[in-house]
Amino acid sequence: MPKSLSISAVAVILLASIPLGYLVIRATGSGIAVAAEVIGREKTVTTLMTTISLALLVAFFALVIGLSSAWLIQRTNLPFSSLFLVLGTLALAVPSYVSTYAWIALIPNFTGFAAAVLILTLTTAPYVLLAAIAALRRIDATQEESARALGLGPTQVAKRVIWPQSRPTLLAAVLLVLLYVLSDFGAVSLLRVDTFTRVVHTMYKATYDRSAAAVVAMVLVLLAAVLIYAEQRARGRAVAAKSGLGTIRTATKIDIGNKKYVAVAYLFVLSAASIGLPIYVLVTRFIAVSNDLDISKLVSAAAATVTAALAGALLAMLFAIPLGLLAARYKSKVSTIAESAILVTHALPGVVIGLALVALGSKLGFLYQTLPLLAFAYAVLFLAKAVGSVRTSFARVPRVFDDISHSLGNSNWQTIRKVTIPIAAPGVITGFLLVFLTAMKELPATLMLRPTGFDTLATEIWAATAISQYGKAAPYALLLVLIAALPTYLLSRPDRAQVDQSRENVGL
Amino acid sequence: MVIQNYERINLRKYLGLAAGAALLFSLVACSSDNQDEAAAELTIYSGRSEEFIGTFFADFETQTGIKLNVRYGDSAELAAQLLEEGANSKADLFIAQDAGSLGAVADAGMLATLDSTVLDLVDPQYQSDDGSWVGVTGRARVFAYDPTKVTELPSSIDDLLDSKWSGKIGIAPTNASFQAFITALRQLRGEAAAEQWLTALVANQPLTYEKNSMIVEAIDAGQIEIGLTNHYYIYEVAQSLGRAINVKDGFFAPGDVGNLVNVSGAGILNTAKNSAGAAELIKFLLSNESQNKFVTDTNEYSVLPDLPAPKDLPSLKQIGSPRVDLTALRDVAATQRLLVRVGLL
Amino acid sequence: MTTLRIDGLTVTFANRPVLNELNLVVPAGAFAAVLGPSGCGKTTLLRAIAGFITPFSGTIRFGDQLVSVSSIVVPPERRKVGYVAQEGALFPHLTVAENIAFGITDNKIKSDLVTELLQLVGLSKFANRMPNELSGGQQTRVALARALAPAPKVMLLDEPFSALDAALRDELRAEVSELLKSRKTTTLMVTHDREEALVVADVVALMRDGQILQTGTPAEVYHNPISAEIAISTGDVLLLDCAKDEAGKISSVFTPTQLSPSALPGKLVIRPEEIKITAAATGLSAKVIDLDYYGHDAVVHLDAAGARVDVRIAGPVELKVGDLVGLEHVGPIRWFPN
């Protein structure tokens, strides 16, 4: 392993672990007695149950919706399939707190566990959708056809050919969904569902004793760690790629006949629920309450949002590339631990990360409440998303290219620069877009770390809803969804550069 | 080699595009932010939203020429942030929606003692006991109610424990103002009695809401009939919905703990770079002009002894706030634990 | 021109030796083929020579330069070795011309050299195509040009033709070997196809279980294999049970004789073209049981005293199934103990 790679990877890991470190320091600072009291509460058990069941249910439904949508779009002769793909992904542009208050506006009694399952499922299903589409595209049709020729029915083919090959990608997406549910605050606070994140938030707000909150957050960390470990076990060995040569053939589309009306209706309802409804409510609220619109404020908030998110995404990719390379090419215990640490950070509520960086940043004086620190916060918050897609795309660059590049006189870094990264470019760009998109919607850390006077669309939405001026929030929310639609659309476009190994390069 | 439809993606182009866009946007974003180094500046952490206090700040800027850098946020979160920042904080002035947040920051020794010229403006009841912060507006605890459904108004918080209110009460236990009320309850009646009251309330199955405005909206929508909240929310909700609402403010008997009058207030940070400017701003907010504006614009109570109450509401004297040391309201941690014990948090 | 010299090379994987004290010399400018079954370690050998893996012990020399001594290795980017992988492995994000130019460091000669190489492999019009637009054979040719561009000291080919169909394979094989021989580049090609090895190589090395068993010209390894196994690797064989005594007399179905009781049992290795079919009365009598007619020659399957014998004969065949003929052995006696 090139030394410079390991050094940069270690540097990134240290930086990304700052929130965790802060949490541990704060949690242990309060003393065992308080910690015990906090954890021993009956409420903690119920919170644990609520959080876990919410996460599992959302993951299950997101998987069902994402997979079924992906299969319909990718594998059948569904009409308007590209449109539905875009619509299905577009839900990523709507933050959970925006869609929640849209639903609340429409249905007054919309609260509670079931409501949270609904909202969070609609919010996270796009991740599964994207992963499933990518996985289905990669499967070689000839394998499926051979299986059919051997007498396996469609369900058997799905179970024994499609599922094993898509499993790693899907499991990774499910893990992200689970971790997101753990960290979500916007939806659960409005719907009054007591997950750990909500409890942590409340405790930070009310106690001014950050230690007790930190203890609760540590429970969250443990929960996340368990989930991450479970996913790694379930992922199992890397999947063998195709055998045989020639260009990969995409499967012919299955004709679903008259059932396509049902399929279209199903996907239409999903889109309506996840995007149509929020937009409708936003627009009507905006119109109903006549407010004079401060255009300049709107524009500067939009500019601020895009700038901060772009900076955060660029920084995240800078961090993700050495880590992704490490995980893809030089897999070791260290790289697995690093990945896990990053994933656990992903489960932390934004408020934790925000406070950690406040603690650190305020000591740094000149860097505190500046755009670079905010970008750093975004990078740390969303590193998991970036590393995931970077790692996958690097892993799919066959090793033989490294060898050939070396034989042609290139060092490790030259190879990475001239061969690995360009070939992995689509995955790198996907990671970038994901971070960019999520950063645009971020709220708690932004509130704490933004330069004074630097308001993003998200903070303006918050400011308006904090004083119940939902109508005033509407234009900002609408603009946020609109701007977020661009990277979302880019995310839904087909993969490029599918270079797969025809047989495993085992080196023997 | 299996090669599938490769399209050349020029990463350099993407990178350049992204960086260029970032530069472009940052120019737009920062253009509104032109730092004029020559003029004096003041950094404010404001738990009061821009909507309600923004105009005051703008007026102050025009009058004095001091540039204000305002960080808006939630009072409690800003307090937590200040505590985390400690001596490195950049803030000059902290304006909070409730005494609790101010008290927490004062407790950490971060607030400077205010000049007597400031403190003398305000009734001693509406400031801290050690001169570290001063109230700016008064916020009365009330019960909001549906006048068509509620004919017999409760005169004490104990009345709410009656089973006839079962399932019809709204509270916002995560809210700082509710917690301030409970802290006052603990102060006046003692821990055991406070817990008793809360347990009985919980037995009456109150509906919990995240925000005070939601309580008012719920009353208007007919979900509940009565709710414990702050007095100005009925105005806030009416404004946001753009129509009259079916909710009114009601007060308990004078002296009842349910009539707690809390304050929004301000304190100057020890580490302030511009304490003089901060003091000037506080005096500005306490000026007759500003105080009248608070009463008419946001329907809050003034902390100056002679000014009238907001429209249609009794004066502070008439309300009869319970005798509670506002400074003591900062003991939210114990209130928190109590609320957790009874299952409201 | 560089001699490739490998001494005592041992490469281990998970504590098991994959290459076991392997010795091989490829003379300067020669085209050598390493012939062996799958799993014998051919690819590992190639990767060790290229520098992609670090050996456990042994040395590798390019001419006078030591590139590998035990675990001390010169990294591949400094060995000046050309590597053509099994599947061509063209960089998918670069055009054909860019692929070929990838290893050229001197910018002044770059475009001229690329043009020259394209011409050499007959793909002048394909300079700006993307790899996924090329056929298998074209990809292999570009991979070859790319490897040749930096003027390597040693060329390594990893079964470069195995992916192609038969007709293309023969044609491309001839082109490639001609090209490399004309440039006098020392080449090592690994293959499991014995025909390929015999046809193109100047030197054939037989490999099994991580070791080189025999090295020689194609004729040598074909006619004078040092074991029955190697004989089988290098061509069709007829294995006949026989015995040999201390005096050196051999008793087989062709030459049945009495031998002393201490005679050792063994196998006689005979090439199918070393048996002549004569009239029924002369030699060993046999009956025709089957005929494989290839046009230019034929393989006749016979039953000779219970033993199955396959004979290759040229030209028109007038035999039919059931005919009785005689068999004569007209080749060297190659005897190997069991």
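Residue numbering begins at 1 within each chain, and the chains themselves are lettered A, B and C in the order written.
Note that in this section a contact is a pair of C-beta atoms (placed from the backbone, for glycine too) under 8 Å apart; a residue touches a chain by one contact, two chains touch by 3 or more.
Since the model is a prediction, treat every value here as computed from it, not as a measurement.
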Closest chain to the centre of mass proxy, which here is the mean CA position: A
Per Cα centroids, the chain farthest from chain C: B
Distance between the centres, which are taken as Cα means, of chain C and chain B, whole angstrom: 85
Centre-of-Cα separation between chain B and chain A, whole angstrom: 34
Centre-of-Cα separation between chain C and chain A, whole angstrom: 53
Residue numbers of chain C (touch at least two other chains): 87, 89, 92-93, 132
Sequence positions of chain A contacting 2 or more other chains: 245, 247, 422, 425, 497, 499, 502
Touching two or more other chains - residues of chain B: 1, 3-6, 9
Complex contact set, residues of chain A against chain C: 245, 247, 398, 400-401, 403-411, 418-419, 422-423, 425, 497, 499, 502, 507-508
Of all residues in chain C, those that touch chain A in their complex: 13, 18, 39, 41, 43-44, 47, 50-53, 75-83, 85, 87, 89, 91-93, 102-103, 105, 132, 136, 146-147, 149-150, 152, 163
Chain B-touching residues of chain A, taken from the complex the two chains share: 41, 43, 108-109, 189-190, 192, 202-210, 241-242, 245-248, 288-290, 296, 299-300, 303-304, 306-307, 310-311, 313-314, 351, 355, 358-359, 362-363, 365, 368-369, 371, 421-422, 425-426, 428-429, 432, 447-448, 451-454, 459, 463-464, 466-472, 496-502
Chain A partner contacts - residues on chain B that touch it in the complex: 1-7, 9, 11, 14, 18-19, 21-22, 25-26, 28-29, 31-33, 43, 49-52, 69-74, 76-77, 79-81, 83-86, 88-90, 104, 174, 176, 179, 208-211, 213-214, 217-218, 221, 223, 236-237, 239-242, 332-333, 335-336, 340, 343, 345
